[in-house]
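Chain lettering (A, B, C and D) follows the sequence in which the chains are written, and residue indices restart at 1 in each chain.
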Amino acid sequence: MEDVVIRPLEKVTLKDPILIEGLPGVGNVGKLAADYLKDQLPAKPLATVFSKFFPPQVYVSEEGIIRLVSNDLYYWKAGVSGRDLLVLGGDYQGISPEGQYEITERVLDFCSGLGVREVFTLAGFAQGRVVEEPRVLGAATNPQRVAELKKYGVTFSRNDPGGGLIGASGLFLGLGRLFGMEGACLMGETSGYFVDPRSAEAVLHVLCQALSLKIDFAALKAKAQEIDRIAQKIHDAEQRSGESSSTPAERPRDDLGYIG
Amino acid sequence: MEDVVIRPLEKVTLKDPILIEGLPGVGNVGKLAADYLKDQLPAKPLATVFSKFFPPQVYVSEEGIIRLVSNDLYYWKAGVSGRDLLVLGGDYQGISPEGQYEITERVLDFCSGLGVREVFTLAGFAQGRVVEEPRVLGAATNPQRVAELKKYGVTFSRNDPGGGLIGASGLFLGLGRLFGMEGACLMGETSGYFVDPRSAEAVLHVLCQALSLKIDFAALKAKAQEIDRIAQKIHDAEQRSGESSSTPAERPRDDLGYIG
Amino acid sequence: MEDVVIRPLEKVTLKDPILIEGLPGVGNVGKLAADYLKDQLPAKPLATVFSKFFPPQVYVSEEGIIRLVSNDLYYWKAGVSGRDLLVLGGDYQGISPEGQYEITERVLDFCSGLGVREVFTLAGFAQGRVVEEPRVLGAATNPQRVAELKKYGVTFSRNDPGGGLIGASGLFLGLGRLFGMEGACLMGETSGYFVDPRSAEAVLHVLCQALSLKIDFAALKAKAQEIDRIAQKIHDAEQRSGESSSTPAERPRDDLGYIG
Amino acid sequence: MEDVVIRPLEKVTLKDPILIEGLPGVGNVGKLAADYLKDQLPAKPLATVFSKFFPPQVYVSEEGIIRLVSNDLYYWKAGVSGRDLLVLGGDYQGISPEGQYEITERVLDFCSGLGVREVFTLAGFAQGRVVEEPRVLGAATNPQRVAELKKYGVTFSRNDPGGGLIGASGLFLGLGRLFGMEGACLMGETSGYFVDPRSAEAVLHVLCQALSLKIDFAALKAKAQEIDRIAQKIHDAEQRSGESSSTPAERPRDDLGYIG
């Protein structure tokens, strides 16, 4: 089979579209942000991406209906004044380095055909400690973009991320340049221990400013509070049980890992 | 070499055929069921599937004759009134995620050429505990099929399988949709500790109802009783030896794992 | 690059040639036998096989000259009365399952072009214990060949090899059948702990009978005695040192593993 | 995408050019040497090599600008009298055996098109102990080259490197021969515990003699002294702290590993 199969669901013409990528990763920040944006706009399904570089897996809905794992591209028409958007979300990133390259390249190629010349990638940045007020760290393809994002409160740190970016959020920018695309990565600080809607909210706030979008953050705030409540409950239970064999740092991860 | 080599053994024309897949997996339930069905119909060899995504291995028969590991497609002609069947069994599933996709896609492509528009996949569902009366869990490609299978006693659970289906039984349905095929997966509950003919029997009962097939279950029941006897003997031996270092849950797996 | 690159060194026409494969494996029995046969005939270099499925490695000779790891095909002309031979030896088998298939298929394709219709593969069979008088176990592509090899003292066991053959020695026969080739595998019993020229000698004796070849075994016997001497020295040293932390079964492997 | 993408930055005609390879590896000796040579000549960027066999990673500069990981080819024009040079450096070697082959072959193919018939590869040779005065070990594609390099003090040892060379420094020579290229590998002795500019200096001294190049070694010597100072400080700290749980051999590796 083809390494990557892109199934268009609709044929659209877009106005100078911007691609926004948010796939599963650290704290699921990027995926939470992209999925939330997609729902709020709301964006419509445009194409489904299947690949042999995803796990050989189907999901089963509560009604018993199967669905092959995929990445999914949505589009949103801005109307008369603004630029259209493409939002890429999905179940997985490619599960091998080679697969990461192949999938990213094919999606970029498809988006390039739709006129995309600009990319924002959304991700989490693991700090390894609880982060009360997540900052948004940035990286970009050129100095103008760095300067512009600083205006929206994005932090460009001399040392972070020290080892660079690994995975789709870096690759969409790095390979994007081979397609003549410019862009930036917005990384929400997060503990790295559980899914983090608060960090996703911080990232989306910056993105909305940069793109002059207005969305309602209420549902995302509610989700963040739900996570807080569960985390608190676990914390309390551990206080009561005293010297449990599992450390607080490990437990929340188990219990909160797949909420989101 | 080609990633997947399909060697036809015969040229046949089939009447609206249904593909039934049962490859090695949890409790070998799917393979046991498919092999038993193939023997009982009986179905005839149609094509052999070789692939570099199988292990580089040959089996040697008791007479010393070698045979390259493969998947194998059999066909059965229903006669005047019914629909023909294709049964896929074999030694292995693809041993890498990529291989799973490649093999499944090529077999589906071949079956599509034979007119297949409907697929049943057979599998085990590991419960991690002894299952006295295995239920058959289901997942399907559309709500009509869910409703229909419920009539045959198939359980569609809101939570199981929670993580979806991994491997050939999911992929034949997920990729099958890209070939315009509809279908369902029938999963027999099993402990997951040893091969489980009883679970295979439960799965086959549902399948035979759904396809209006009549087969003799005597030999499969006998196999189930043989497994029971061995399991009982192990259990008794462990009772006698008292505090053995291996747990009962581990021992039967070693001894029963390759019966089937 | 091509997955497998075969560089012919000479252009030859061969008379109904038989391919003999002996690559590194259990006890290095197959490689020892094939290399020894090649030297004794003596066979001439015919082609070099490079592949990205070998390790990315060069060897350096004592004179400081590098050589890319490879498999190597030699030919021997039988003269007026007999059939010509091709001998395949080398540094490695393919290091991934996929690589095993690709390399074997390409070499078979090349040999098929030279007229090969018959293959002997040489290997070791690990018994996990010291073997004083190694038997030669067999597996073949058809019953006639089984019957014929029994005449030369080859053992066809109902149970061995139980899990089949893994690697080149099985694959050259299994894939060979897709090229219309028949053949057999000769497996010399060996402990599996160190390289075993004695087992290689047993295998070669059978092969020479089957092919009506006469070669001098003196150098191979000498090598076997050298291994015996070293093994005895290690054994004596361990007896003296009493309860060493390493077991006798482990030590010879370390010290003898790369003699050969 | 293509397995390996070579993006030329400029079109040049070179005079009988020699390729010098120095990628990350043991002690980072090869990369330190190649990068230093490139800066001192100074050589100009000629082409960028991207590949799906590199990690899916971008680096972020101190200014926040991203850059996809790559290998990088530079050229240097010798002027009227000498031969031109190509210097290959980069962030990574291919991260799989297959990737090593693919990348090396494609770069060699590109360089072959530029007229390269001669290759020097630069590497470190891990001794597992502190090396005060690093020797330069050699391996070459032919005896003439061995003899010539001995004149520059290169050591050709009967036993080192015993297992051959693994990775790019061996492969550029081994595969280079398939392109009709001759060459040699220069390996600077190093402990293997940390990056080693002193070993890189030893390697470069030999290379400059062999190529009649004159470069200033001051900055490389300074870097070596900086490493020495840090190593001394760690050593002193450990002496003071007495029986620390980490051994001296482990600690410098952690602290010095990414200087260079």
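FYI, a residue touches a chain if its C-beta (ideal position, glycine included) is under 8 Å from a C-beta of that chain, and two chains touch if they have at least 3 such contacts.
A quick note: this is a predicted structure, and the numbers were derived from the prediction, not measured.
Among the remaining chains, none touches subunit B as well as subunit C. Set against the Cα centre of subunit D, the chain with the most distant centre is B.
Comparing the residue numbers each copy contributes, subunit A and subunit B share less than half of them at their mutual interface. Averaged C-alpha coordinates put the centre of subunit A at 53 Å from the centre of subunit C.
For the pair subunit A and subunit D, the distance between mean C-alpha positions equals 37 Å. Among all residues of subunit A, none touch two or more other chains.
Subunit B contributes residues 1, 5, 7, 50-60, 62-69, 95-96, 99 to its touches with subunit C in the complex. Contacts from subunit A toward subunit D in the complex involve residues 94, 97-98, 100-102, 104-106, 138-143, 146, 156, 158, 161, 163-168, 170-171, 173-175, 177-178, 185.
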